[in-house]
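Lettered A, B, C, D, E and F in written order, each chain numbered from 1.
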Amino acid sequence: MRPSGRAADEMRAITIETGFTKHAEGSCLISFGETRVLCTASIEERLPPWLRGKGEGWVTGEYSMLPRATHTRGSREAAKGKQSGRTQEIQRLIGRSLRAVTDLKKLGERQITLDCDVLQADGGTRTASISGAWVALRLAVQGLMDSGAIKEDPLTRKVAAVSCGIFKGTPVLDLDYDEDSNADADANFVLIEGGQIAEVQATAEGATYDEEGLLRLLRLARTGCDDIFKAQDAAVR
Amino acid sequence: MRPSGRAADEMRAITIETGFTKHAEGSCLISFGETRVLCTASIEERLPPWLRGKGEGWVTGEYSMLPRATHTRGSREAAKGKQSGRTQEIQRLIGRSLRAVTDLKKLGERQITLDCDVLQADGGTRTASISGAWVALRLAVQGLMDSGAIKEDPLTRKVAAVSCGIFKGTPVLDLDYDEDSNADADANFVLIEGGQIAEVQATAEGATYDEEGLLRLLRLARTGCDDIFKAQDAAVR
Amino acid sequence: MRPSGRAADEMRAITIETGFTKHAEGSCLISFGETRVLCTASIEERLPPWLRGKGEGWVTGEYSMLPRATHTRGSREAAKGKQSGRTQEIQRLIGRSLRAVTDLKKLGERQITLDCDVLQADGGTRTASISGAWVALRLAVQGLMDSGAIKEDPLTRKVAAVSCGIFKGTPVLDLDYDEDSNADADANFVLIEGGQIAEVQATAEGATYDEEGLLRLLRLARTGCDDIFKAQDAAVR
Amino acid sequence: MRPSGRAADEMRAITIETGFTKHAEGSCLISFGETRVLCTASIEERLPPWLRGKGEGWVTGEYSMLPRATHTRGSREAAKGKQSGRTQEIQRLIGRSLRAVTDLKKLGERQITLDCDVLQADGGTRTASISGAWVALRLAVQGLMDSGAIKEDPLTRKVAAVSCGIFKGTPVLDLDYDEDSNADADANFVLIEGGQIAEVQATAEGATYDEEGLLRLLRLARTGCDDIFKAQDAAVR
Amino acid sequence: MRPSGRAADEMRAITIETGFTKHAEGSCLISFGETRVLCTASIEERLPPWLRGKGEGWVTGEYSMLPRATHTRGSREAAKGKQSGRTQEIQRLIGRSLRAVTDLKKLGERQITLDCDVLQADGGTRTASISGAWVALRLAVQGLMDSGAIKEDPLTRKVAAVSCGIFKGTPVLDLDYDEDSNADADANFVLIEGGQIAEVQATAEGATYDEEGLLRLLRLARTGCDDIFKAQDAAVR
Amino acid sequence: MRPSGRAADEMRAITIETGFTKHAEGSCLISFGETRVLCTASIEERLPPWLRGKGEGWVTGEYSMLPRATHTRGSREAAKGKQSGRTQEIQRLIGRSLRAVTDLKKLGERQITLDCDVLQADGGTRTASISGAWVALRLAVQGLMDSGAIKEDPLTRKVAAVSCGIFKGTPVLDLDYDEDSNADADANFVLIEGGQIAEVQATAEGATYDEEGLLRLLRLARTGCDDIFKAQDAAVR
């Protein structure tokens, strides 16, 4: 029934290649099927002015698509001179999602920036970004602990994200581009290992859904995130 | 228990003053307690280039806070030369919410812009904006129908929005600023009269919630939106 | 003779509603007929870098029109990414006008920003802005004196502004939009209670005037400002 | 009494070197003492979109200071990415002043841009700009008439500008930088040959003046502009 | 002698992986040692306005570094709102280099954009970009020929680029980051298969070189480009 | 053979008028034929943050063309809100060229900015800028030495620049606009008195050249720079 031939509750293949670039304190190339995002974690021993002297750190995200990550070329945001509303919305989401599982006091007075650059897009770029960013962050934090810079692990839980939607009347997991462009409703879930919800962004432009529909999507998301948590585990081990 | 003394499921006073400005095709000043937003609907008989010639119209939103709508003065976005990520996120949400109840084909080849300018902020500015924007849109559409410019009503359902959150462990409705700054989790619901969900944006920075918690917030939101629908009804009658 | 039916030397109705917003240290909604401007005064206990350490304060102005304050919707300057020349010209004028009656030494090392946001425009927005900004400033300064933060009143004189023009050959006071768009010449006068001139900006695009014409406009302006001074007095008492 | 040793009603030396650059349709280097401005008039056989098809032309001005035109180096506006409010105010003034003496219908559907670039500043850069721009415009218009592109002269009157101010209690003509920085009040007059006023911009930051004071400045300005009209005449003959 | 242990005239390992992303009409990931650049060619059947109707096409380049391609994180140009001078210089160079081997008439009225995004930087990013861009362009052009959109091959010659420099007094080929930061002089050569020079950019900040030195660098560059031409050949076959 | 009637190895007339503006610590108006550039050197006793505390100074360049320096009017970069890639490329080149002959340690902790503003363009604006900037820098440095601010001369060598190109098959020196627009290849050489090369930028868009061609251009450049060195000498003596 799905264009991809997948079952309604079936994720695309998840692959995570750690150490994809050598300079970052943590990095990986994450794929959800044909969607591929390069995630790097950069540690800086300084904080934005409004955070200094509070005895805690900060985790933030940035996001971009390469101009030809998509079917048709998009203009480069650096050339246009500003980031789109969509880009800003996504990078705020990435930051909040990772902060939801980071103990900023234990991190100490330093900032970690998670750069998520989409090399190829086929739906779900923001959810792949969050899921990959956790891996990059985990690796960077591990480095800080190995070097003795921090004592207690500030990152004891995993976070992952997946999109779900209603496609031709059926709730389905992990929309690819073909499904996404034809879905009646579309929701992104950011979930924490163990069952808690960090964030829900559910939109129903052109359609709507009811409470039951929202719950069915949430349950699909749990299934998907369980797969992602396993892939994250394997990647950082 | 709440700083405001309200019951957990109690909205702030809702007032809607229509015709607040005279040039716009539709306008109102909406208040949720001390939060006051001026909403105007402007009809333009032209469309952005990418929408022309499709036999349908467009509804979009813009949002801004006056510099001293808040406790401390914020810089003017026009002076800084760009809109913040938060502003862009909110104006995208306003546009989607209103389009969820508008039949763009029946609207015809014209654009309606909903400007939501916050004169005074005390929590819930985006939800008051959406709720007031519907009133402005309704008035503007009524004018188009009265003048014979459109035949069939493109706006047959109401849309309203409200924020809910978990405050000291209890789910509460319609957070004001004091509650919002101390809430563990915060969700904005955009609901359609009759029970459908147009949009959910639930964030749990610093905390998380489970499925049951999300549902309790959703049910509070239904209660709140029912009050808003009544106020909208009274305003446009 | 005038579209408005007013006598040549007759102001529109002036109303000033103080305390229109609650967060600002001083605020009012001023109306010159259908022109309505929200003026707020915000005190900040810091100065721009180039003013620090001189033992004196600063008073500055900002100005904006809401997009649909006017007959047809104008683009939002924050969205365009820059303020127009007209906006900058007006906000510089507001700042200079208020500084003309403020003793910056007595104000002490703090800055007061006067935000003038036009909710509805019908001609004369800059003159209503200056006249209302004085009220907001007066209220803010009164608060500083009441709290003991400053000892001596830095604001002992009033300032007000009004536009005059030559309409169908006759000098008239306080142009509204219909008159303004058809006037041969247009001058804005900023006057200080007691008869002194703070600023004159007289423009004669498409026409010109002679010395006698300029004087007649100035005398009309005195009449108008006397009315405004009375309204300011009543508002702050 | 004046730092420059000039009499109160004495202009600085005015020199106008026409044809200073070869590409422009009209150009001159104008000096008011040590203030030197390069003025060029560029004819373009096209109009901004909002002026097309009305059977008339447009005259507009642009203004800039070279970074080291002044005592200390100012940042380049192109590098900062925006023009200051002062720059915009001045270029709007230049455009209005020249349009006050141009019959746009006789000019025909073309645009003339007057670029005024200050090579060296010593007070009065905007007034020298307007006075020199008239010369450049006159030369460009003459070229159009000589080539037969236009039939009737659209520029039959001269326009010139000069600043006056109250320096140590005395009204003085044509302020240089030393005087300007110490003047109590400062006014720019744009006058038309024959006695009409095109524009007055009188500012009294820190001081004020009365009706009589304004008139005395205006009369000084007439004296100064008479000298400028003579220099313009000599330059274009 | 070289930090890398390479001989003076020895290139780093060159690898070219074609088809690295699936949406672009041509793409490759090119590596010069640890420097890795993703190059894509995007065909658009439209031209910039100033090129329309001339019966020929256009080839242009864009360049960017991912924020953490480098040792320390650089700010994202899209977030800063402008591209650096270095970025613009490089993308102009990429465009000129590729146009030097493209017959724009044979290409027909279409534009090909070569996006070069540096995933990891270790010196020589601009030369790897040009060398990889040729491969992406070749693949895109081949597609146009295969589909019959163009008849005659507009790209009959190869172009490649390499940097050379004087390191501790010795001319060396293909500087990596360690060498580049310590070189006395640094030159980029863009060469065309067969021996012609498309572009030389030789800089000697802090040092200088003489004619003989320049020639020795040029000869090294020939050696290097021969290796690159072979790798390009293998990649597109 | 050349449109200008000059011999292949003949420079245009070089004139250098020092002290062209009075505020700058060093200034000149340099002409290469009809190309005229105003060069000023501004000393500031402060450094950009990244250079502080290293015991050395900095020399940097800025470049701009007046809008009507050219045949047709170009838009003002300050109005467009950004500097073009070409502008940035040239100002980086100016800075590097002057730094190549300045001992930054001997200069001490101060910055000298060389502003090169093209008043009239006829080809070779960047090479005239570099050649004139040296004169302005020399004068400014002389002032520092005369006042005792620095002890040892940080500027013991001259630097000059000239463009050469292949015009109708013949290598020619110092291209003017007519030649430049029709040249097959175009190279800018920055040379140091005594024979060393500071910078070569050779571009062959649409054509290419071989090693011998490049050398012939370099030898022409030597001839030209010898003339410029003489003119610089005469100017600063």
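One rule holds in what follows: a contact is a pair of C-beta atoms (placed from the backbone, for glycine too) under 8 Å apart; a residue touches a chain by one contact, two chains touch by 3 or more.
By chain, UniProt protein names: A, B, C, D, E, F = Ribonuclease PH.
From a predicted model like this one, the values you see are computed outputs, not experimental measurements.
A.B. asks: Could you run down the chains that neighbour chain E (Ribonuclease PH) and chain F (Ribonuclease PH) together?
C.D. replies: Common neighbours, chain E (Ribonuclease PH)/chain F (Ribonuclease PH): none found.
A.B. asks: Comparing residue numbers, which of A-E, A-B or D-F shares more than half of the contact pairs of E-F?
C.D. replies: Same contacts by residue number as E-F, out of A-E, A-B or D-F: A-B.
A.B. asks: What whole-number Å value describes the gap between the mean CA coordinates of chain C (Ribonuclease PH) and chain D (Ribonuclease PH)?
C.D. replies: Whole-Å distance between the two chain centres: 28.
A.B. asks: Could you tell me the distance, in whole angstrom, between the mean C-alpha positions of chain B (Ribonuclease PH) and chain D (Ribonuclease PH)?
C.D. replies: Roughly 50 Å separates the two chain centres.
A.B. asks: Got the chain F (Ribonuclease PH) residues that touch at least 2 other chains?
C.D. replies: Within chain F (Ribonuclease PH), residues 81-82 contact more than one other chain.
A.B. asks: How would you write out the ring of chains in order, opening with chain C (Ribonuclease PH) and then chain D (Ribonuclease PH)?
C.D. replies: Moving around the ring in the direction of chain D (Ribonuclease PH) from chain C (Ribonuclease PH), the order is C, D, F, E, A, B.
A.B. asks: Where on chain B (Ribonuclease PH) does chain A (Ribonuclease PH) make contact in their complex?
C.D. replies: Touching chain A (Ribonuclease PH) from chain B (Ribonuclease PH) are residues 82, 84-86, 88-89, 91-92, 96, 99-100, 187, 192, 195-206, 208-211, 213-215, 218.
A.B. asks: Quick check on the complex: what are the chain A (Ribonuclease PH) residues that touch chain E (Ribonuclease PH)?
C.D. replies: Within the complex, chain A (Ribonuclease PH) contacts chain E (Ribonuclease PH) at residues 20-24, 27, 34, 38, 40, 42, 44, 62, 64, 66-73, 76-79, 81-83, 87, 113, 115, 117, 119-121.
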